[in-house]
Amino acid sequence: MSDAPTDDQTEDAAPPPPDPEREELVAALRRDLGDWLIEHVNANGDLWVRVDRKAWLKAGEVLREKHGFDYFCFLSGIDWLNNAELVQRYEQVWDPDAEAAGDGAADEGPYVGGRVAGGDTRFQVFARVYNVQRKLGITLKADLDDANPSVDSWVTVYRGADWHEREAWEMYGFEFAGHPGLRHIYLPVEFEGFPLRKDFALLARVVKPWPGLVDKEPVPGEDEEEGAEEAAPA
Amino acid sequence: MTVTEPQQLAYIAGQAAEARLRFELETEGMTLNIGPQHPATHGTLRIIVRLDGEQVVWADPSCGYMHRGYEKLAEVRKYQQVTTLVNRIDWLSSFCNEVPFILAAEQLYEVEAPPRAQWIRTLLFEMGRIANITLFLGEMGVQLGAITPVFYAFRDREHVLNLIEAATGGRFHPNYDRVGGLKDDLPKGWVEETKAVMDKVREFCDQMEDLLLGNEIFERRMRGIGVIPARVGLGYGLSGANIRASGVDWDIRRDEPSVLAWKDCDWKVWTHTDGDSFARYWVRLQETREAAKLVDQLCDGLPSGPIMAKMPARLRVPKGEAWVHTENPLGEMGYYVVSDGGPSGPFRCKIRSASFNNISILPWILRGVYVPDVITILSSLYFILGDIDR
Amino acid sequence: MPRPEVPGVIKGLGVTFRTMLKPAVTVQYPHVKETPAPRARGVIALLEENCTVCMLCARECPDWCIYIEGHNDKAPPRREGGKPRTINVLDRFDIDYGLCMYCGICVEVCPFDALFWSPEYEYSELRIADLLHDKQRLGQWMDTVPEPPAYESGAQVKPKKYASPAAARAKNAS
Amino acid sequence: MSALLAPALAALAVLPPVAAVDVTTYGWVTALKVAIVLGVIPAGALILGYVFLLKMMSHMQSRLGPMEAGPHGVLQLVADGVKFLQKEDIFPSRADRRVFAAAPLVVLMSTFLLYVVIPAGPRAVVEDLDTGIFFALAVSSISVIGVLMAGWASANKYALIGALRAAGQLIAYELPMVLAVVGVVIQAGTMSLSGIVVAQANYEVSVFGLFEIPKVPYVFPQIVGFLLFMIAAQAELSQAPFDMPVAESELVAGYMTEYSGFRFLFFFMGEFGSAFALAAIAATLFLGGWYVPGMSMDAVASDIIGPLVLGGKIMLVAFFIFWVRFTYPRLREDQLQSMAWKVLIPISLVNIAVTGVAKVVF
C-alpha cells in the first residue's frame, strides 16, 4: 500500500524492563507527592503504588504530564470486606480445605487485604495507566473512607476516566468529586444498592439451593468428608 | 500533536450546528435513538444523538443493555469455572479472553505451563484473532452498504472456527485453558489442516482488498472520517488497532514480556499515521495477514512435550494480586485478579475489556459528523457488545 | 504490491463475478449435514452403570444445572462367599440444558468415566422446560459418542484409559 | 426465466391483432390493457426478485439461496407474498393513517404507469404515446411522492430522514437522467419509444466514410449517455451505491421502516417493478428495444418474438444494475449530491451539445 506505514521489527523488541527504571519512577513520584505516597511494590515486572486519597488527582496529573503516562487503562474499585459467608458459601461445605480457610479468614479481621499494596480500609480505588513510549505500566491505589468513599475525579486528566468512574460509582458507590455527571452506565436508573460490594448478595446464588447439597452418599473412599457434609446447612 | 484538519472541521461544524439550533433558529433539533435495537449496533448499544438535519450536535452512548455482571459472578466461582464465563466477553475470539485470565491465575498459583501448552495457546490466540477480525473486515462493508463482503468473511472464518472446534471442542466458547496448561493436546492432522486454512485466510484478505479497500466509494466514505489524534486516543484508553492506526507503535504482544510464544516468531506490528476510519480498517487487514503468518510459524515450530504443568497437591491459592493483559483482537484486554488465600475462586476480578474504552471516545468523536458517518465511525472502532457490557 | 492499475470499482465487480461462477459453500441443512468434529461439545451423554452418585459433577458445575439423587443399596458380593457390597444407586440424573454453558467441567471431573461429550446437536425444543434431560435421555446419547481422535505428533499426553465409550462400558462390566 | 416472462408478454403481443379483429368495444380493449399492465409488473418483479435478488446475490456471496419452495426455490417469492398477505395490517399509533395507507399505492401506481409506453413489438405496446419517453420519466418521479408520504405518515424519525433523502436524491438524479435521454431523443428525432426503436433499427454508423455498420443500437454512439442513464437509474431505484433512502445499516429500512404485511409487499413490488421498468426503458433507448437485426419491422411474428427479445435485454441490463448493487458500498448523501451536480450534470450537458453538433454536421 502507498500509505507509508511505520513499522517495527519484532527482533529488537524491548527486553523485560529492568527494575531500576521502575524504582527511579517511584523515587520521582516520591519527590512530587512526598508523604502522600504510602507504599509501593515492584514485583513480577509490574509496579503498584499506593497513595493517599488526597493525592489521587495529583498523582494522575504528575504521571501524565511529567512522566508521559498518556494511556489510561482502567479505573475501578475493590471492597476488602471479609464476607466469607457470602463468597465461600458453598465451597465450605465440601472442600477439604474449607475449615482451614475459615480459620485463616477469621484471623484477618474485618478486611481481607491483598498481598500487593493492600489497603487499610474497606474500599480502595485503583487505576492503571501506561506509558506507551517507555512501555511502562503502573497501578495506582488509594484507600477510601469506609463511611464516605469519595475521591477526586480523574476526568480532567484522563478523559477516558469518565465512564470508568461512572461504573465505579454505580458498582461501589464511590463519589468522584468534580466528575461532570455521575449517571448510571450499566444498571437501570432505578437500581438500588451497589452490586460489587461484598455485602450485596448475588441473588442467583441465594434463591436456588446448591445442587451439590442434596446428595446422601459420600464419595467412596473419602470418608473424612462425610462429617463436613452433614454439618452443612441445607 | 495537532488536531488534523478534517476532525477540526467536523468539530467546528458541530459547534456551528449547535449554535444554529440554540440561537439562530431556536428550534429543538431532533433527538434520534440509534439503538438499542438497530442494525448498526450489532447488539444492544444505544446512542442518543441530537441532530441538526443530518449533522450530529452531540452524541451520548448508553450501554448496559447486556450487562451480565461477570465481575460479580467471578467472585462466586472457582478459577476453572471463570474461564467459561470470560469466554463470553468478546464472543468472536473467546479463546483470547481466557488466556490472560488463566495467565493471571497461574501467576497467583505460582505455576507455569510447559512450552508446548504456551505455543498452542499462542496458536489458538492468533486463530481467535483471525476469526474475530475477518468478521470485522466483512462487517465494515455491511455498515457501508456493501452486503457481499460479510458473507465472504463468514465463509472463510468458518474454516478457522472448524479448526478451533476440532482442537478444543467448542466453536465459540473453547474453555480450553486450564491453570497450568491445557485441557487436551491437538488432534492428529490438525497442524496440516491449519496451514491449509491460512492460505484461505490470506486469499480472503486479498479479496477484501479488491472488494472494499481498493474501492473508490469505500475510500471516500472512510478517509478523513473519525480522525483520532494519538494523544486523545490514549487519554481515552483506546488500544489495539484503533490506536495503532493513529500512529502509536504499541503492541502488547511485542512490548511486554510474556510467557506466550510471540517472542519466538518473526512478525511485524503495523501502524498507520492517518488515524481515520480507513487507517483502522487498513491496520486490521494487515494484522489479519500477520496473524496468518504467525499461525504458520507457530505450526512449524510447535515444540513437543507435555501440556500440563505439575500442579501443587493442594489447590489453595496464595494470597496475592495479579495483573495480566494481552493484545486481543479488539485491543488491550486485562484481568486484575485478587486472591484472598481461600480455596475458592478470585476475591475480585476486574475485567478490563477493550471495547469499553474504545467506544468511550464516541461522545468526543461524533460531534459534527453526519448520520452515515456515525455508523462508519462506530463500526471502524469495532466493538463487541459483550466486550463493552461484560 | 505492484499490480496493474485497475480501478477499484472494476476489481470489486470481478471478485463478485468470479465468486458467482464457483459453487456455493453452504449446504442445504436438513437434507445435507456437516459432521462436527469428534471433540465437539454437543450434548453430554451419561453412562449410567459407571455413575457412583459421587456428586462431583454437580458440585463443580458453574451453573448448578445438574441435579442428582441417589440411595444406598446392597449388591451381591463380587466373589462367591464374600460380604454383600454397599452400592450407590442413581435415582435421578438431570441436566438442564436451558442453563448449561457447555463448559465441559462435569465431563472432566468425573472420576468414574460416566460422562461423555457427544457431538450431537439436534435436540432443540419448543419449550425451555423440555431441555431438562433426564437419565434415560442422557443415556441415549451414549450411542452417538465417538472414539476420541489420536493426538498430533509431539504430544506427550497419556490418553485416558476409559476415554472411548466402549472401554468405559467394558470397565464396568468387568 | 424468460419462460416465465413469455406468457405475460405474449399476451401483450396478442393484443393489437385482437384489436384489429374488430373488437370495437373501447371498454374491452382498455380492460385488456389494464390487465396486461397489472400482470406484467408483478411478473417482472417476481422474475427480477428471484433471478437476481435471491439467486444471483446468493451465488455472488457463495451460498445457495432459497432451495425449498419449488425446484431451486423458484416459488420462494410467491410464498413470501402469500406470507405478507396473511400478516396483520399494522398502523403505528401516531401515524397519519390515510396517508400511511395510500403511500405504497402511489409508489406502485407510478411503477404501473411506466409500463404503459414501453413497446414490446411493432404493435405490442399498450399505448404508443408520441411523447412516450417524456411520459415515462414524468411518471417515474411520482414514486417519490409516495415515498415522502410514507416517510411523513410513519411518525418515525428514521422513515422521515429516509424520505427526505429520497426526495433530495430524486432531484439530484432526475436531471442527469433526463439530460442523458435528451441525447437519444436528439439522435432519434422523436420522443416516441416505438419511434426510437425504429430509429435504432435504421441507424447506421459510417467508419471514416470507408464502410458502414448498419443497425447499430444507440449504446455505441451514446455510450456516455448510457452510462449516465444507468448511474441515474441506479440512484432512482435506490440501489447501492445510492441506497441511502433505505440504508439499512443507518436508517433501519428508511421510509419502509414501519411497513409490514401487504403494504410492505407493495413497496417491494414497486422496487423491483420499477427496476424492471427502468431496465426496459434503458433497453429500449440504448439497446434497440424489442428489435434485433434480422427481425421484420411489421411482421406479426415480431409481436410474438419481440417481447422475448426485450425480456432478454431487460435481464441483461438488470444484471448490471444488481451486480453493482451487490458489490458496492454506499455513498453518503452529500457525496451523491456533489457527484450529481458537479460531475454528471456537466457531462450530460456536454453530451447533449456534442450530440447536437454531430447530428447537424453528419
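Remarks
Letters A, B, C and D mark the chains in the order given here, with residues in each chain numbered from 1 onward.
Following the convention adopted for this analysis, a contact is a pair of C-beta atoms (placed from the backbone, for glycine too) under 8 Å apart; a residue touches a chain by one contact, two chains touch by 3 or more.
No experiment lies behind these values; they were computed from the predicted model shown.
Ranking all chains by how far their C-alpha centres lie from the centre of chain B, first place goes to D. Centres computed as Cα averages put chain A at a distance of 37 Å from chain C.
Note: centroid distance chain B to chain C, computed from Cα atoms, is 30 Å. If you average the Cα atoms of chain C and of chain D, the two centres end up 55 Å apart. The centroid of the Cα atoms in chain A and the matching centroid in chain B are 23 Å apart. Listed for chain D are residues 60-63, 326-328, each touching two or more other chains.
In chain C, 9, 12, 15-16, 19, 25 are the positions where the chain touches two or more neighbouring chains simultaneously.
Under the contact definition stated at the top, the residues of chain B that touch 2 or more other chains are 78, 148, 152, 155, 211-212, 215, 217-218.
Every pair of chains meeting the touch criterion is listed here: A-B, A-C, B-C, B-D, C-D. Chain contact summary for the complex, chain B toward chain C: residues 77-78, 80-81, 83-85, 116, 148, 152, 155, 158, 162, 165-171, 173, 175, 183-191, 207, 210-219, 302-308. Of all residues in chain B, only 30, 32, 38-40, 54, 141-148, 151-152, 155, 211-212, 215, 217-218, 220-221, 370-375 touch chain D in the complex they form.
On the chain D side of its complex with chain C, the touching residues are 56, 58-64, 67-68, 323-324, 326-328. Residues of chain D that touch chain B in their complex: 57, 60-63, 157-158, 161, 240-241, 243-244, 247-252, 326-335.
Within the complex formed with chain B, the residues of chain C that make contact are 7-9, 11-12, 14-16, 19, 25, 36-41, 60, 62, 101-105, 108, 117, 149-157.
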